[in-house]
Amino acid sequence: MNQEHFGFLDEYAKKEVRRATLKAVAIPGYQVPYSSREMPMGRGFGTGGLQLTLALIGRGETLKVIDQGSDDSVNAVNLRSFIEMTCPGIHTTIRTEQADLIQSRHRIPEKPLREDQLLVLQVPYPDALVVVEASEDRRKLLHGEADYSRLLVKLYEDIVKFSEITISHRYPTRINGHYVIDPSPIPRWDVPKLHNSPALILLGAGREKKIYAVPPYTQAEPLAFEDVPFRVEDFSDEHGQRRSCVRCGCNSSFLDEYVDSATGEQVYRCSDSDWCNQQLEQQQGVEQAVEVANG
Amino acid sequence: MDEVLSVRGLSKRYGQGCPACYELTGPRFETNLCPRCGSVVAAHDVSFSLYQGEILGIMGESGSGKSTAVKCLYFDEPPSAGSAEFFDQGEAYQLFDLNNAQQRRLANQRFGMVYQNPHLGLNFDISAGGNIAERLLMSNVDNYAQIRQRAISLLSRTEVLAERMDEMPRNFSGGMQQRVQIAKALATNPPLLFLDEVTTGLDLSVQAAILDLILEIQQQSRTSMIVVTHDLGVIRLLADRTLVMKYGRVIESGLTDQILEDPQHAYTQRLVASAL
Amino acid sequence: MKQQLVLSVEGYSKAFSLHEQGTVIPSAKDVNLQVYSASLTALVGPTGAGKSSILKGIYRTYLATSGQLFYTMQSGKRVDLVQADEHTILTLRRNEIGFVTQFLHFLPRQPTELVVAQPLIQRGRPVEEALAVARDMLAAMNLPRRLWSISPATFSGGEKQRVNLARGLVAKPRLLLLDEPTASLDPITCERVLRQIEELKKEGIAMLAIFHQPELVKRIADRVVELEPPLNGQTQLEDIA
């Protein structure tokens, strides 16, 4: 491994990513093309997010990498090791609040981000219009003119067929009143976190060679109808009771559904593992404190 | 009467073009094809005015340039030369000087187009109602219930059963597809409607019903229309005034009854004689 | 009532150039005549004298070969119908000049009463009101009530002619052109039509009409213009169109 270049990429490549990033921040939601270098892993494994992270992280800064909310999935572990190896002097963490830069696939952490934090999202398909227009030339025209009527027609057809909008992830979201982005495969649950986020959110698509941004405190409105508003996932059970995490008991987080292999029952757990752990720790802390008080 | 559209010297040429293109083509030479450079002069020097509530017929056989003229006006094709001014709500628009977004806004909101081929006018991947919704959404109507209501009233006006609004266009007969296309074109109450061979290929009884519908729309809404057809019967029934085109040129124009009863050009005389 | 000049035909000629046959067929030649308000000018003459050509020329169904057709509009403005642009002619047709031809042209699938009410509707009269006027006129024309709500497509020649007249007369144009208005009518209906024409005269309407029966001309015409077939002409002129 060539250790001369901090962050694996050569300086030109990093500068190009930074220039593209600046442009993306300057034009919220606009997909800025960049060259997207070959990385020592297959495209589609987060190379877009990785190049952003490598170009932006510096010595002494702290990194968190998550995949579907988890710090210890294979993909997250591999990316984290690679970044640690190629960026000597950085720290890593699994604690959301300790991270300066969070690279994520498919989730935005439950814990609200701060102005001094940066979220990098890995994006497989950057263009929200790809589902209604095959030609990139024509998509560019539609973006330029902010013509998203065909996406709205798709929502209309959804409501006609299913009486609700069925898009579960990659929900088309209008940034700063103009460009509609594909916010990466985050669940609907996370879409409102884009709106007026104190943290800068950068989105990188390695295979499609695009970088775009939701700058801090920028409007992000999911497309919807005036009378059929956007809704996040509903975690109510059949009695209208909010389901809670079987592990930590939290009833305000985004839940993953599992089948308990022993009982065959459906159970729900926090998707954000750090959040789940911190909830548990807090409870244990309270229990210990109670024990100490009672002791 | 208020002028809605003024077209001057509209030309459309396909190919590299040369100085002789316009001089060596047309009815006099019985060709659209420039003998020097091989370019196709689809339409040349087409001029006319259209007034509010008026139906203008453009008649000619295939290759006469009648559809080309309308496609240029609807921004489907850029013209090679000429100007067209559209007067709407106190504004005058030089159609060919507008940028894409302005052209698209006019095409979506102030013009309506009905093609002979419903596949050009309708999106077959979405329901009949969705097709109407698309035009309304382009005009920034973003209330689902309102869109549904408007689609129902447009479809019932064009005699498509409201119960069928959520079906795909491919489930409809040819006549029904044309009705859905007309409903879609009317969605935004456009003051100007282009109709390109809308009854061609339909059964006679279906043709008659579609023509009745067009007349009814014209009488109720005072919509200005340009009707492109090769069918003298359609011209006679719908058009107040008529342009006759051949080899890309307007060879004759006048009041429709005059064109039919006292045609001046040899071609029109032959056409009328063979039809009556 | 004071009679004012409404239409002055000056040196009007019409010839048809038939390209296919390579012939020119003269129809009307150097016709001069005047039509005044509150009066009827009758056109008489043998077949082929170009009587219909004159009416169609005034209505711009035919383009004149030469001459002028000066029409004084409601506004007092004088316009040459030969030169006037098409939109002016369309406006005049809608508001001022009516034409009862020998053949009824109507929109298919429209009930008779709506066919008759059309000129009023086009001028912006509410449909129900226009229909009421139309029904009165159909009654005056002696058309059986049971026919009012069906299309004239299947009517006999005489019935169609009554519908045609009713439509021309309800409009009450300033200038009414009539091409053999009574040709296919029975004596009773003919008498009713003549009475209607006399009514229109009283209302100040100027009329130019083609008649074949001398006794009708004598009774109803204020002026008579007799036409001769053009010299060196061909026969069957009027029927060409």
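Order as written gives the chain letters A, B and C; numbering starts at 1 within each chain.
Criterion: a residue touches a chain if its C-beta (ideal position, glycine included) is under 8 Å from a C-beta of that chain, and two chains touch if they have at least 3 such contacts.
The shown structure was predicted, so the numbers you read here are calculated from the model rather than taken from an experiment.
Trainee: From chain C, which chain is the farthest off, judged by mean CA positions?
Mentor: Result for max centroid distance from chain C is chain A.
Trainee: For which chain is the distance between its Cα centroid and the global protein Cα centroid smallest?
Mentor: B
Trainee: Taking the mean of the CA coordinates per chain, how far is chain A from chain C in Å?
Mentor: 79
Trainee: Can you give the whole-Å distance between the Cα centres of chain A and chain B?
Mentor: From the centre of chain A to the centre of chain B is 48 Å.
Trainee: Please compute the C-alpha centroid of chain B, do the same for chain C, then give the distance between them in whole Å.
Mentor: 33
Trainee: Provide the list of chain B residues touching at least two other chains, using ranges where the numbers run on.
Mentor: none
Trainee: Show me the residue ranges of chain B that touch chain A in the complex, using the header's touch definition.
Mentor: Result: residues 100-101, 104, 123, 126-127, 129-130, 133-134, 137-138, 142-147, 166 of chain B touch chain A.
Trainee: Spell out the part of chain B that touches chain C in their complex, as residue ranges.
Mentor: By the definition above, chain B touches chain C via 1, 49, 51, 54, 208, 212, 215, 219, 237, 240-241, 254-255, 257-258, 261-262, 264-266, 269-270, 273.
Trainee: Within the complex, which stretch of chain A touches chain B?
Mentor: Interface residues on the chain A side: 141, 144-145, 147, 149-150, 152-154, 156-157, 159-161, 225-228.
Trainee: Given the complex with chain B, which residues does chain C contribute to the contact?
Mentor: For chain C paired with chain B, touching residues are 16-20, 56, 60-63, 86-87, 89-91, 107-109, 121, 241.
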